[in-house]
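To start, the structure itself, in structure tokens.
Lettered A, B, C, D, E and F in written order, each chain numbered from 1.
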Amino acid sequence: MITDQRFSRFGETPEAELPSDIKDIYDQNNGKIGFVPNVFRAYSRRPEHFRAFMHYHDVLMRGPSGLSRAEREAIVVAVSSENRCQYCMTAHGAALRVIGKDPILAEQIANNWRTADLSPRLRQILTFASRVNEPAFAATDEEIDALRVAGFSDEDIWDIAAVAAFFGLSNRMAGLMDMRPNPEFYVMGRPQG
Amino acid sequence: MITDQRFSRFGETPEAELPSDIKDIYDQNNGKIGFVPNVFRAYSRRPEHFRAFMHYHDVLMRGPSGLSRAEREAIVVAVSSENRCQYCMTAHGAALRVIGKDPILAEQIANNWRTADLSPRLRQILTFASRVNEPAFAATDEEIDALRVAGFSDEDIWDIAAVAAFFGLSNRMAGLMDMRPNPEFYVMGRPQG
Amino acid sequence: MITDQRFSRFGETPEAELPSDIKDIYDQNNGKIGFVPNVFRAYSRRPEHFRAFMHYHDVLMRGPSGLSRAEREAIVVAVSSENRCQYCMTAHGAALRVIGKDPILAEQIANNWRTADLSPRLRQILTFASRVNEPAFAATDEEIDALRVAGFSDEDIWDIAAVAAFFGLSNRMAGLMDMRPNPEFYVMGRPQG
Amino acid sequence: MITDQRFSRFGETPEAELPSDIKDIYDQNNGKIGFVPNVFRAYSRRPEHFRAFMHYHDVLMRGPSGLSRAEREAIVVAVSSENRCQYCMTAHGAALRVIGKDPILAEQIANNWRTADLSPRLRQILTFASRVNEPAFAATDEEIDALRVAGFSDEDIWDIAAVAAFFGLSNRMAGLMDMRPNPEFYVMGRPQG
Amino acid sequence: MITDQRFSRFGETPEAELPSDIKDIYDQNNGKIGFVPNVFRAYSRRPEHFRAFMHYHDVLMRGPSGLSRAEREAIVVAVSSENRCQYCMTAHGAALRVIGKDPILAEQIANNWRTADLSPRLRQILTFASRVNEPAFAATDEEIDALRVAGFSDEDIWDIAAVAAFFGLSNRMAGLMDMRPNPEFYVMGRPQG
Amino acid sequence: MITDQRFSRFGETPEAELPSDIKDIYDQNNGKIGFVPNVFRAYSRRPEHFRAFMHYHDVLMRGPSGLSRAEREAIVVAVSSENRCQYCMTAHGAALRVIGKDPILAEQIANNWRTADLSPRLRQILTFASRVNEPAFAATDEEIDALRVAGFSDEDIWDIAAVAAFFGLSNRMAGLMDMRPNPEFYVMGRPQG
């Protein structure tokens, strides 16, 4: 039971004082998954930051892309695992289990994507995402060309990198705030025993 | 579904050819948890190695100790996570969920023990276990004295280190064999949604 | 002479085809500094990404904050130097020289913020920004409390982290695209010999 | 002169109180090399641990294997040098000088196996042993296949890994106990000047 | 303005007390560039060290070599940047701008030689210099042969390594003394805006 | 037996063609220790480099200093061990055994100075030497002050750093040349069994 613990170091804006656009997002989450993920509550402290962060997130994770939503969530989980982000591993681990419909693979990726049972395509995606996650990342022409030869468009390559880079940011903001996963995330999409 | 995949790079001794003492261990596992963990099948290739490895394991994990069994499993999960061991994170993650009776805490430790909601005692245990896991570990008198002051006996300190060091070995053997977790481990002891 | 070289691996949207809001930003830059920074040209390939990235950038770098604009640029230069980002070190090095009005200090920060002649306040800011830039960053209560004691508000601490984290993203996108600095940046705000 | 110093942080079981099987091992060592290596004295504090550790050691180092005893000691020295283990570098450096009958090569391996004058076979062995010693080791199919092509059986590959992994454990236990080499080890098997 | 700050932690020998050979070097610098680089003032504290250090420096940087003086300065800047040396990045950054006659390239190398617009020959030189700068550097026959095939003589290879290694020493001495660049270095050889 | 092997990748100047000052140094070595250390033979390829390197070496290792010659050799061995330099660990390991008159301590320092049985003074010296050996070393005022409080003069501190930094250079030149120790070094100053 962790419900009494702080969900974020810096607290939140009380729901009664939320701007209506953010309140709408709370309502949508309550309607759809039954709770408000703590990342929204944590970001509610700074509405302008909330909006900018979430809009960029939605462009990357929900916008048009040659990458499936499950592939994008796999990038998030792999990068968040490399960065040891407690919140993102749990919340996006749950998302990957639900969206990817392969909870065992989701857990393998959270443990170590390198030894997970990946398809060749997903291995190429996560290999490049992990490169992007390196501190002094600068792509070589050779690795970009190899991705093109493997069938990835320039937009696909951009999307792999952008998702990986965005969650490098997100992992650090969660680390700043000591953001804690909602208890619900631990059980979402689990394989049935 | 991963049932058709290899469970270990080097195969196993067919059950019909197993020495009786190893066959007994298979039977005990089938009786108790309903399946034979793949680590036994993998080690069955070398019965003398099986016996030596498992005996040392049992002395450390089941023998008398000032550390509870849950504390010992927490060390295993924390070290295996630092070493990114796919098999041990999954199999001992399951064991920690079952024995520790706090599946959320177990998952937090698997993600990142540093940001898990640990008791002060378990934080001290895992901090020292992580030190042992460093490649050039050599304990200083200061850190040993701090553990003694905190109430750990010399035997407790030894046990923390021995469990951490043994699973450094175990993680590497799993990495050698590309050992895969049994599917059952993914669901054991999960919190009920 | 680098004018003939590519400014970004993936090219740009021709100016004639730019959406009007992005064209306006080009015009503003041409009016104000006499050229369009290559980051805009590079991002013009994906207008939705352009808008989301630039909006978040502007919230962080131009929005209300307890950090001065020079302090925020110093964070950008320090983080981009740790990440060895060719584009950001040059473009934001120029910005820091202009805004901070101390071009020698700007160059010292680009070289190595740890040995730069920093004020105590700027040293605290960059020390925390560098922590945020670590791959597995998770702030401790102790370091947050130390910043509070030193006079930083929770919003200030958030802003240090958010600027550092955002440019970790930005550095990686520049590394993805092999983004090259405009030649003009090399001379902006230089001390007069 | 280091004889008055502690040989291990946690002391030993007085010889008069030793279980007879451990006393027998002391006697064998006194008979064969004239002294009891300090690792035995250190482990005598915990007889069950002594037996489990030493049995596994003997299976690996003295049991049947496609690797010669000198090759196995070379693995121990190379891994212990990478891990900077004071006790094992000295005690097993001595063993390698004696068993390998090439004291200069033994010292080169203790210094840096990468620049030692190794046979191609021993270079392959130590290259793989060093891989096993990496914290997140997981063997790739490619490197296993390369070892097979070079003539190593699966059992040989297992033995390289098991010896390397076991001494990762042993190095850490020596680091825990601040185990000190017996003075005799420094002179055993030295080349004659 | 940094003129009032210490130029080196350990001070200097007053000019009136300088040995005449060192005084001559001061005079030559004043005549040629209008000031005495702080490295001379810092080393003046120990005249024997001054002479030995500067003589070795001059053999490497001004002696006969198959490497041009600009190539040698490029090595200095690249290595000093990897080592984050505040003094050498600034003083030799200036030298490279002046001697190499390409101030933009000089700044790119100071930022990150890997993503600088290097000629193939200079890329080979800096790649090997960076290898030499690694803590446990030991050249392989393969990399030496590759340099020979690319047209470098053994003396050229030696010179790349010697310049890189010497400035590893120099960077550390500057780090010891907290050596500060003369303000003049920041403006020497800058491109005209 | 390694006598037939190359002693250095780039060969040597034949003795008959050596400049007389270098020939004198060969003669002195033959007279004093009975052989010419391979570092001299290797450097003979470039007489100007030979002279500059050896002169700086002699200023540091034989010149007046508050550090004893044994303390200086201990720095060389500790740094060369951190850098895994095959030649320097062996040649200077021998020198430290002879000059320091404590061959066991010399071997402990070669293995791992951190766990060697050092006097408090030598521990302070090697701790600072190891700091200097870090790639981005920049001494803090705090660590310099702590050395002063412990009784080290500014010249002593300079000498610790200069010896450590010089052997960083020397280790890399040995790595460049694949310099091999003379067989004699392996037996010099060994404890008698």
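Quick note on the criterion: a contact is a pair of C-beta atoms (placed from the backbone, for glycine too) under 8 Å apart; a residue touches a chain by one contact, two chains touch by 3 or more.
Because the structure is predicted, anything quoted here is derived from the model rather than measured.
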| item | value |
| --- | --- |
| Which listed pair, E-F, D-E or D-F, duplicates the contacts of A-C in over half of its pairs | E-F |
| Computed distance of Cα centres, chain F from chain C, in Å | 45 |
| Whole-Å separation of chain centres (CA-atom averages), chain C against chain D | 52 |
| Chain B and chain D, separation of their C-alpha mean positions in angstrom | 24 |
| Chain D, residues touching no fewer than two other chains | 84-86, 112, 114-115, 136, 138, 175, 178 |
| Pairwise chain contacts, counting only pairs that touch as defined | A-B, A-C, A-D, A-E, B-C, B-D, B-F, C-E, C-F, D-E, D-F, E-F |
| Chain A contact footprint on chain D (complex, rising order) | 136, 138 |
| Partner chain A, residues of chain B touching it in the complex | 2, 5, 81, 84-86, 89-90, 103-104, 107-108, 110-112, 114-117, 175, 178, 180, 183, 186-188, 190-193 |
| Touch list for chain C against partner chain A, complex | 9-10, 45-46, 48-49, 52-53, 55-56, 59-60, 63, 82-86, 132-133, 135-139, 141, 144, 154-155, 157-158, 161-162, 164-166, 168-169, 171-173, 175-178 |
| Sites on chain A touched by chain D in the complex | 112, 114-115 |
